[in-house]
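Structures incoming, each one as structure tokens.
Two complexes, one shared chain (subunit A), two partners (subunit B, subunit C).
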Partner chain A sequence: MIGRALRHPSFVLGLAITLLVLGVAFLATFWTPHDATAMRISARLRPPSATNWLGTDQFGRDVLSMLMMGARNALLVGVVAVGIGLSIGVALGMMAATREGSLADEAIMRLCDFTFAFPAVLTAILILTFLGPGLVNAILAIGIFNIPVFARIARGASLQVMARDYIRAAQAAGRSTFGILHRHVLPNIRGILIVQASVQFALAILAEAGLSYLGIGTQPPNPSWGRMLNDSQTFLAQAPYLAIFPGAAIALAVLGFNLLGDGLRDVLDPKSKER
Partner chain B sequence: MFAFLARRLATLLTTLAVAAILIFAVTEILPGDPAAAMLGLTATPETVAALRAELGLDAPAFVRFFGWIAGFFTGDLGISYAYRVPVAGLIAERLPVTLPLAIMASLFASILGITLGALAASRANSLVDSALMAGAQVGLAIPNFWFGILMVLLFSITLGWFPAGGFPGWETGFFKGLQALFLPAIALALPQGAVLARLTRTAVLEALGEDFVRTARAKGLTRGQTLRRHVLRNAMVPVITMLALQFSFLITGTIIIENVFALPGLGRLIFQSVGGHDLVTVKSLVMIYVGAVILVNALVDIAYGLIDPRLRFGRGVGR
Partner chain C sequence: MLRVEHLRIRFRGTPILRDLSFAIDRGEALGLVGESGSGKSMAALAIMGLLPPGMEASGRILLDSEDLLALDEASLCSIRGRRIGMIFQEPMTALNPVHRIGEQIAEPLVLHGVMEHAEALREAESLLERVGIEEPCRRLHSYPHELSGGQRQRVMIAMAMSCKPALLIADEPTSALDVTVQSEILDLLRDLRLQEGMATLFISHDLAVIARVARHTLVLYGGAAMETGDTIALLRQPRHPYTQGLLAALPHGRSKGTRLQPIPGFVPPARLLAEGCPFHGRCPRGDARCAAEQPPLTVEHTRAWCFHPGRVE
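Our next item is the complex of A and B:
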């Protein structure tokens, strides 16, 4: 499977971009060219140069250092928001699958339908208005919308697996429902969950960027790509580079996770490629 | 047929009712005292009491709830706290910006997505196909608000072809209005167009493999004729469904895009009202947005059932 994956162009490109973003975020934990939050008004709005490779913003902060710290931020959002969706959603979905047709199953699935009816960005804005703006609340607001996505997928995939003979054999051998889900169902639906996780990861990064652009996501002085884009608009004519780099960073990270997801889908489920 | 429609209608009404209760609870019950929440920490007890009286908060919650719902039919949605004018008037004033914007964006997305998707499918596995699909992948990754900013940079600041933001109003001329909405509509359309292009390609490829295509070619139709008359028509069902379902992303996209281009539409109003704690306006606006999404999804479901009778007995689209 690894051999097939490494011959798949989207997978390789997606993996390379994702590793680059991960690497930059990891590096930013120890080192950035300058202090990402240090303001130097005397050096404000400097175009890219040898000292500040990607220039400085309206407060004289180094754009490259801010972008690097922003990568950490974006990944944190992705990891926690998808983590919330995966842990709660998969548990709910598998539980619904074991009780197919029951009241609990019906209730969980209708709740998922209902969440889908609510426009995510709008609800996130509402949630952030009540919980107050900030990174943690933004992650929560984004994470909540991942729950029904994973619940539906986990339920559908679990039902398919549970119709197989070896599940009946395990039941006959006296294994508990939890044991069957843990030992037989989960390993068999792992692939589809990983693929969806990488897609949701990309969506979470986009959502956080959008919320931060609106000023209700990550709060200053913590650098965030979306917020940098918002700030850049005031100086668009003067310092266009301020708008170009953060947006390119968002697009690159999202592209990386999307390609990785596409590649993984083809590798884990070769039939999907023919479709 | 009748049973199917009745069931869908019942689901639609239930979903709308639950949504309304939830929105009412979030804006009027969860904050404790909405008047205090709107006025902030510095408010004196007298001003809070005055606002409570103005909003009629002393009435029981269920009376206020039904009064609010009735307002959607009578056109009385209360007075906006931030703007001091009727909410219904505010909405009527902003709708002529958001509605044309959403329609233009849908139009651009469908033209872009369907044309490029069909082109990619008709040249499947060629260089053109690969380039188009790579383009769609990039289109999906680019945040629409960044695309908007880049277009302002190029077409407004550098070339001066379009205004950088704002809306002059339709009374200054139809063309001027269209010009102000053009870049925002393109920005909104980009990700939707990319999704549609990918879907159209898949749907066309699937239809190309069907027997009727071989029959059409065998009876002497050219490749182009077969594509136009038989393939595209069959491939359009999932594409149109997706277009309708994308509506949800599109209208929430207006919240961000109207902020990028400083357009005085519903999206910007909702954001400003949330920021200004104008719960009176927020409540009705959110209901309108959510209601529109629920309605469109239900219509798609019903249309699907009418087109394909097998779906009438299932649980609907995508389940």
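Our next item is the complex of A and C:
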């Protein structure tokens, strides 16, 4: 399986980008070229140079260091928000699937429809005006929006799997409903969930960037790619690199997770195993 | 061993199965014959306690004098796979594509606490050998898609047999297979039954298959028993018009040069079936009484539920 994965171009590229982002975030925990929050007004708006590889912003902060800390921030948002959505959403979706057509199923699915009816970012803004701005609340809001996505996918995929004869066979072998969900349904929808998780991971990073751009996500002085973009607006003509670098970071991370998900879908499918 | 007494299944008030009774002894096989919709698979699911939601069963299903219909889900789970094994029609979809063959065969053994995982895998290997899979040691690590249909059905049989159940239910186990493979699987099922002394309920729409595997046969139509008895007697001299019709529709040695006789009409939907014999509308001997009353049991060399048994038209 590993050999097959390593010959899959989009998986390899996605994995490489993801590892790069992970590596940078990990490195930022111990070391950044400069203190990401230290301001030096005398060195403001410097273009890329030997001391500041990616230049400095309007307060003289090192852009590379901010981007590295921003990667940590983005990964944190992705992991926690997708984790919330995945765990609660899959549990709800699979539960709904076992009771297809029941009141519980209807209630769960209509609630999902209800949340889908509102644009995600608008509702996230609404939630954040109630909870107050900040990273934790932004993660919560994004996580809540991931729940119906996973609930629907888990329900649909589970229903499809539960119509197969091997579920009958597992029942006939004496498995309980929970045992069947755990051992027979979940492994068969795992691929779909992982692919969706990587897409949602990318979307969560984007959403956090969007919310921070609007000023209600990550609060200063904590660096966030979205806030860096927002800050750069004023100096777009003067220092375009201030917008280019965080923009590229967001695009690269999102691309990486999407490619990874795509590749994983193929790699995880046992039917594509080479003879 | 297994006694089914007055089993009835209803779906929202509509009878799906009416008053079915039969018994199977250790090492015996009973063939349950019927067209699609005759209720034969529902009878099997009722025995397993796996009827779809909305279906209600009444009567008694006694496995070693324990009434399965009176048991709760947890007790049923401990019986399924342990004391009753089941094989399904579609070997292509009856194995989970993400688990290796060995794991799937070992699953019931571990689940019912018969043995530890490592021991269960060794047992799976010897089971694979018994059901005639070549290189069982290597096959343990195969995924289902790497096996042919016949091999998969052998794996299914190994799975169903793993806990040495007292009763094996085979629901159309060979219908999806090639004729040559069919024959091998039927031989395998017979050998295993004789070696293990399992009671077998063999469900099929194919009289030729039933004739090969089952000493006794029960013919179902529209959810009601038509005729039952010794398989050879029933096929040689059927007394019920439906059984006679079924046999006349089959090609055999003497029918060369003559036309096969289809049964006129089609199977009526369950909700249209009245109190009387479900076959009355298509029966050459049907009359007003057949439509209104349940036909009586008549016993000669077979047991037939019919007002006008016997004569072949």
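Descriptive notes on the structure:
Definition applied: the second predicted complex is superposed on the first by the 263 of 275 C-alpha atoms of A that agree within 3 Å, B and C clash if a C-alpha of one lies under 4 Å from a C-alpha of the other, contacts with A are read in each partner's own complex, and residues count from 1 in each chain.
The rule we apply is simple: a residue touches a chain if its C-beta (ideal position, glycine included) is under 8 Å from a C-beta of that chain, and two chains touch if they have at least 3 such contacts.
Please read these numbers as outputs of a predicted model, since none were measured by experiment.
Of the two partner chains, neither subunit B nor subunit C is touched by A:Thr115.
Of the two partner chains placed by superposition, only subunit C is touched by A:Ala169; subunit B is not. In the superposition on chain A, contact is made by A:Thr129 with subunit B only, not with subunit C.
In the superposition on chain A, contact is made by A:His184 with subunit C only, not with subunit B. Using the contact criterion defined above for the overlaid structures, shared-chain residue A:Ala243 touches subunit B, although it does not reach subunit C. The partner that reaches more residues of subunit A, of the two candidates subunit B and subunit C, is B. Common to the subunit B-facing and subunit C-facing surfaces of subunit A are residues 275. Put simply, subunit C touches subunit A in their complex at residues 48, 50, 73-74, 77-82, 84-86, 88-90, 93-99, 107-108, 111-112, 143, 145-146, 156, 159-160. Across the complex, subunit C is touched by residues 164-166, 168-176, 179, 183-184, 187-188, 190, 270-271, 273, 275 of subunit A.
Within the complex formed with subunit B, the residues of subunit A that make contact are 10, 113-114, 117-122, 125-126, 129-130, 202, 206, 209-210, 213-214, 226, 229, 232-233, 236-237, 240, 243-244, 246-247, 250-252, 254-255, 258-259, 262, 275.
On subunit B, the positions that touch subunit A within their shared complex are 15, 18-19, 26, 30-31, 137-138, 140-143, 145-146, 149-150, 152-153, 157, 164, 202, 206, 248-249, 251-253, 255-256, 259-260, 270-271, 274-275, 277, 282, 286, 289-290, 293-294, 297.
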